[in-house]
Amino acid sequence: MTRGLGRGLPALLLQRLLQAGLVAWMVGTLTFVLTRTLPGDMAYRIAAGRYGHDMVDTAAAEAVRAELALNQPASSAYFGWLWDLLQFDLGRSLVSGEPVVRELWHQLGHSLGLAAVAVALSLLLGPPLGLAAGLRPRGMLDRLSEVVASVLRALPPFAVGLVLILVFAVGLGWLPAAGHGRTAHSVLPALTLALGLAAVSSRVARNAMADVSQSAYYAFSRTKGLSDRLTFMRHGLRNVAVPVVAYLGVQFVYLIEGVVVVETLFAWPGIGHALVHAIVARDVPMIQGTALIMGLLFVLLNTVVDIVCHLLDPRRRHA
Amino acid sequence: MTTLVAPLLTLPRLSARQRLGGLLLASLLVFAWLVPWLSDADPARQQLTRILQLPSLAEPLGTDHLGRSLLARLAAAIRLSLGMAMLSVLTAAVPGVLMGIIAGWRGGWLDRVLGSLADACLALPGLLLVLLLAAIAPGNFWALYVGIALVLWIEYFRLVRARTRALAASPQLEASRLLGFGPLYLFRRHLWPELAPQVLTLAAFGAASAILAMAALGFVSVGLRPPTAELGLMMIELLPYYHEAPWAMAQPIVVLFVLVLSLNLLAGRDPR
Amino acid sequence: MPRIRYLLAALGLALTSTAVHAEPRTLDIVAPWEITSPDPSKSGHVFARMQVAETLVDTDADGNLAPGLATSWTQNDDATIWRFTIRDGARFHDGTPVTAEAVATSLEHALTKPGILDSTPIATIDAEGDEVVIHLESSFAPLPALLAHSSTQILAPASYAENGEVTAVIGSGPYRVDSLEPPQRLMVTRFDDYWGEAPAIERASYLAVSRGETRALMAESGDADIVFTLDPASRTRMSRQPDLTLHAVPLPRTIVIKVNAGHPFLDDQRARQALSEAIDRTGIAAGLLRAPEAAAPELFPASLGAWHLAISPEESRDLDQAREQLATLGWEANGDGLLERDGEPFRLTLRTFSDRPELPVVATALQDQWRELGVDLEVAVGNASEIPSGHRDGSLELGLAARNYGLVPDPLGTVLEDFGPEGGDWGAMGWSDAELEEWLNQLRSETDPEERASMETEVATRLHEALPVIPVAWYQQTAAVNDELEGFSIDPLERSYRIDELRWAE
Amino acid sequence: MTLAQQAPLLHIEDLAVDGDGVSIAPFSLTLIPGQRLTLLGETGSGKSLLAQAIMGTLPKGLAARGRLHIAGQTFAADDTPSRRKLWGHTLALLPQEPWHALDPTMRAISQIAESHRHVAGRSRREAGAAARRDLAGLGLQDAGHKLPSELSGGMAQRVAFAAASAGGAHIVIADEPTKGLDATRRDAVVALLARTSDDGGSLLTITHDIEVARRLGGEVAILRQGQVVERGPAKRVLTSPQSDYGQRLMAADPSRWPVPRPLTCKAGKSVIEARQLAMARGGKTLFEDLSLNIAPGEIVGISGPSGCGKSTLGDVLLGVAKADKGEVIREPSQSRLGFQKLYQDPPAAFSPHWTLRRLLDDLIRRHRLDPAAIVPLMVHLNLDPALLDRRSGEISGGELQRFAILRVLLLEPCFLFADEPTSRLDPITQQETLSLLVELARERHCGVMLVSHDPALIERLCDRRLTLGDTDTKSPAAITDTAAEASLSP
């Protein structure tokens, strides 16, 4: 991806590690500063988060303020947090009192499971369609896939999810409408996410394939005597895989947004849903913990994407 | 005649696809700005006795769950959402392009610093920034749309940096430098025409995803601000009535589809 | 590429072969409210409704107090010392007996945490033999009603860590906790040696789903046997569903507008009445809430006996009279129809929150209706805590909330909180009435039912005239129930799902 | 057996191509084993389209007519699918710019082995061995594991040749095999191609380089706008062409150019002077203590293999780059605008998005030049004024280079560094362009340093010659100023 500090894999890993440290610090500080500047009294917000909108009142807010020593000066709170972070202690959630790590483990686990299935499904749906369309640019399939991609990109995820529930859960009764527990629960939310991702990745694959199929080496491979199938397998796939895999790294930016909507619609106990509640309830340790883990995860995923690109494209090794 | 062509925005000869895209976009804009002239219906005026009425002559697009004229609300929503989407695109494009050019042109340590900054920002969960901004400035849209843009600038940055780096070393720039032209001229004549199609493509996709991000936020009840009509939030308001009045919820979605399709056609290839 | 396809095929197989073995059928309940933590002060209402934990005082079918873990209770003459005799033979889920000491420690823990007991003048709680004796600093007649609230539910001593934090919910109810996955899921199974008669349903699960559409779809697709709180739009659709029956019961919860009577525009009673008369309550109830009978011309619904004044909703709307009243207060309409008084426009901000999805919609309706009157209302949808914090720092002008007058079986508990001397976080603000305070004080210690009824009606009438809090609509608790269940009924006080009365139809 | 009786490998009857704006007259030929045919012509003469018509790879929109008899089978020209089976087995096409035709992500050896394996049908092990043998035969033993991006132009050409012919095809069609290569690499490729016809195959070569046609020998056909203007054995056609176009084409060969008029007066101070210049690039010293000076109107030629630092010297003289050691003194009276450069690939020096008129207006407005100076220069460089309204991508390479000369001359430069200005142009346009350049330089007393890899061209044009070190010899660049002096004398 970026022109790394050094050459080859070790240099790239070092650079990613550095980036992880930078991200951890930036995310923590940014969320700390931002949550401090949020309007509204934190004690009241946390009380609302804890005791629900029926029971929140001044007495509850004062009790929370006393319990959590909220009027601690900002600087000492920040360095306290930083010191804990260095010892990998993310603290406890202000609302539920549970250690943030356990809450994250439960909710992030579900979100990651959902995202993994979604990405796998999108890889199954998007790129193959894109490759087929890219082989015959301006063909029937190409135009059709462009319109379908535009439709999917215009549809908000909850509309897609709603249609899927109506068809597969209420209509056909094959799959549970919402909730979690059995693996069957994860199919509809993952499919909703996958359709959104596939819409974009199919166009990226289509453009990559169109470029490759009109390149000089593709034509030479055919005039050398190789069959269409062999030319595609030996020269088409690898040259297309590089841009498609590279795009995967960027795709995760949009995945998080989709996850929040899908988790709310399908009542999936995920991290996006929890993050929204944490921000509304000003649960600072939870916000920082979530943002930190999501940031590091993103760096990890990008490192994986980098490694795969490295393996796929020998040019990078000597670049 | 050549002097008439706007120097900055060079509109290359439009292909048939792009003309169709332009036509669709123009029809949306005409609809949005013409409706207030044609019908004096106030987007916020409610009639609780006539809710979710089917489209009729009196009410061309029917009424929503509060009996408000969907025609007026849709037009107001397009005006607001498009305006906000443009704002979001600009707040993403301007810094992204500028830093991309600086990094691509100067290269060296500056390029590496900006590069790692961009990677770090990409790792920031964009959703978090948007939610925090929504909490900081509750109820006004610009904070949300700027928040949405905070993540998008990186795509502009990477694209522009790659293109600028390739061009900076090319003979055409060296020739112009030898002929005594300054950096501004080099940008206007050599860099911008090369970057314009890709940057406009990204802008097109950025605008559409900004509106969808607004709908996503509305879905988790962030950024609600009655009675303003906003494309993303209209979808949320009409979502509960998907069975009773599917045509009501379909309208903002169709408008967004036409917007995305027209931007796709106008933008040509997705440069990502 | 082929390797990925192989992996997914294996995953696909795993999806379809859901383990179906001969386990007894689980009752799936879906409701909108998430479980924050095992602590009764935070999510006690879920454990009470799923009948895991019980309170000293219970309620009978039509909402009157009934014996719970306390078989009976007596008070001294000025209601400052209360004695509750604890049922013998009751056991906690970990087998330990329910003793007076255990009850006392549980109540002491509840007292340290924010909750319903904050407003009670409790001095000491101690156990004497099989009785729990509570000494009060001043007389407080509704104490038993407060001890029916879920935040006072009795947990076994083993549930509490040393610092008083609740680590596990070991109650004494007919069901014990099987697995708890906050914030969304709770599984319970039947507790065999429960002191009462054993329920028919063996296993039940509770799932928190925040979106109304999803809850309705789960009912239609059969994923949930009972779904509580249906949104208005899906109710009309589901009434036509074949294998589902819809239940609706009025609740003692009212959508109210909390008014800052200290605000210069709103300090005069006539201004508040004008705003109230401008509200089209039948339009909101029929059009938005899809329940015409929900229109609330007065604060207390019919189910609250003497508190209810039986005022008809039609005569509550009178736009012209409202305009006259505002005119007498010196408001004239300026160019674009907005009211102005010596240069100042009649502009107010209404705070509300979206935890209850219907509130922002009602706020939008109010905005337009008051616009007709000439009042420019700004709606700010934020967090529920902004209303009490606005009450505290005086920044609140108007707040739209859903106030539960059935928090405890006797509305007096909530009324005392809301209309005390300096008002209440969810009640009056910048308004006080000496006569009302006098009646409320008497009600605190009055035990004779007729006397209480006449005073309750007096209080209700005064609140209806002075309007420190403007009622808009009453709530209905709705539920969609699978026809394979028999014996379902809704608790009007939202205290229990009454799972122990349910049976699978043969 | 005399040449005629052997069964022809390839027999084409009245092959013609027409489509949007292109038409090639019917053309027939017969190729018997061991025979070589070269199609000679300028860009746009349709020679590449003929090759694609034979192969069956015509782009959409162009239709071929006529019949082809290949290795005993008869094919209709427009029936490409049936000919598809011959690709690699009987017909081999060596593509233009082979460094683009090799898969950038695959090693050189596996691109050759894959033809052995999948076209010639050898087993995986045999294919590997055969590929190694091919590489050794082409002197590329240690280049097998390299990626195309790490191969030089010449090496890429040889790898492409090995990959194309691995399938055992007898008929080899080479499309512009020497484009972009310097003299030594060009001769190596010609020798390589000659081997195919020696081993009993037949060779059809398409080129615009007369020297390549001369070295290949065999039969030559000259094409112009789709018409064959002359045809016959190479010796006769290339030495004494009958058609007048043939004669003009042969006259355009630098070795036939008239001896240059000597520089009349070497008066005046030298325009630019370099003292003990030294420069190293990537650890390799390009040149050391090189000194030279150029008088106004004098033309100094530089020659040497590609990658020997010719362009780098230009950058140093123009001040674009700084030399490791030594200094450059420029004529003080001239501003920096007096030192300009002409580029090897004309379109690369212009922004493709604007009309040429707009670019000229910019230049005039920037330096407040006199617009009247344009018209006479246009006439002198015989540039049609209508060209001004076109973009740089819409006119021919020759016209664009002359336009570049015009753009530079507007600034009345005193020194011009021409970096292989005509290597991409056809012979006739090359001759016109260079003679115009020399004439204008003399007339305006502008010193020119001309870079070229064609020794004959430098011989005929330049007053003095500078040869930069050969990569093989260890010694860095030697200034053979004096030798060039000798060539000056008539």
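The letters A, B, C and D name the chains in turn, as written, and every chain counts its residues from 1.
As a convention for this text, a residue touches a chain if its C-beta (ideal position, glycine included) is under 8 Å from a C-beta of that chain, and two chains touch if they have at least 3 such contacts.
By chain, UniProt protein names: A, B = ABC transporter permease; C = ABC transporter substrate-binding protein; D = ABC transporter ATP-binding protein.
Just so it is clear, the structure is predicted and the values come from calculations on it, not from any experiment.
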Partner chains shared by chain B (ABC transporter permease) and chain C (touch criterion as defined above): A
Chain pair showing more contacts of the two, B-D and A-C: A-C
Centroid comparison with chain D (C-alpha atoms), farthest chain: C
Interchain centroid distance [CA atoms averaged], chain B (ABC transporter permease)/chain D, Å: 48
Where chain A (ABC transporter permease) and chain C are represented by their mean Cα positions, the distance between them in whole Å: 37
Gap in Å, rounded to a whole number, between the CA centres of chain B (ABC transporter permease) and chain A (ABC transporter permease): 22
Between chain C and chain D, centroid-to-centroid distance (C-alpha), Å: 87
Residues within chain C bordering two or more other chains: 213, 382
Junction residues of chain A (ABC transporter permease) - those touching two or more other chains: 162, 264-265, 280
Shared interface positions of chain D, touching two or more other chains: none
Chain pairs that touch, as defined at the top of this document: A-B, A-C, A-D, B-C, B-D
Footprint of chain A (ABC transporter permease) on chain D - complex, ascending: 55, 57, 87-89, 92-93, 95, 97, 100-107, 114-115, 118-119, 147, 149-150, 160, 163-164, 166-167
In the complex with chain C, residue positions of chain A (ABC transporter permease) that touch it: 40-41, 44-45, 47-61, 63-64, 95-98, 106, 117, 120-121, 123-124, 128, 162, 165-166, 169-170, 173, 176-184, 187, 237, 264-267, 269, 274, 277, 280-281
Chain B (ABC transporter permease)-touching residues of chain A (ABC transporter permease), taken from the complex the two chains share: 1-3, 5, 15, 18-19, 22-23, 26-27, 30-31, 34-35, 37-39, 146-147, 150-151, 153-159, 162, 200, 203-204, 207, 247, 250, 253-254, 256-258, 260-261, 264-265, 272-273, 275-276, 279-280, 287, 290-291, 294-296, 298-299, 302
Complex interface listing, chain C residues touching chain A (ABC transporter permease): 1, 4-5, 7-8, 11, 14-16, 18-19, 30, 33-34, 36-37, 39, 41-42, 45, 113-116, 118, 151, 165, 181-185, 207-211, 213-214, 217-218, 220-223, 353, 355-356, 382-386, 388-389, 391-392, 401-402, 404, 407, 424-426
Parts of chain B (ABC transporter permease) lying in touch with chain D, wherever the complex brings them together: 2, 10, 170-172, 174-176, 178-181, 185, 189-190, 193-194
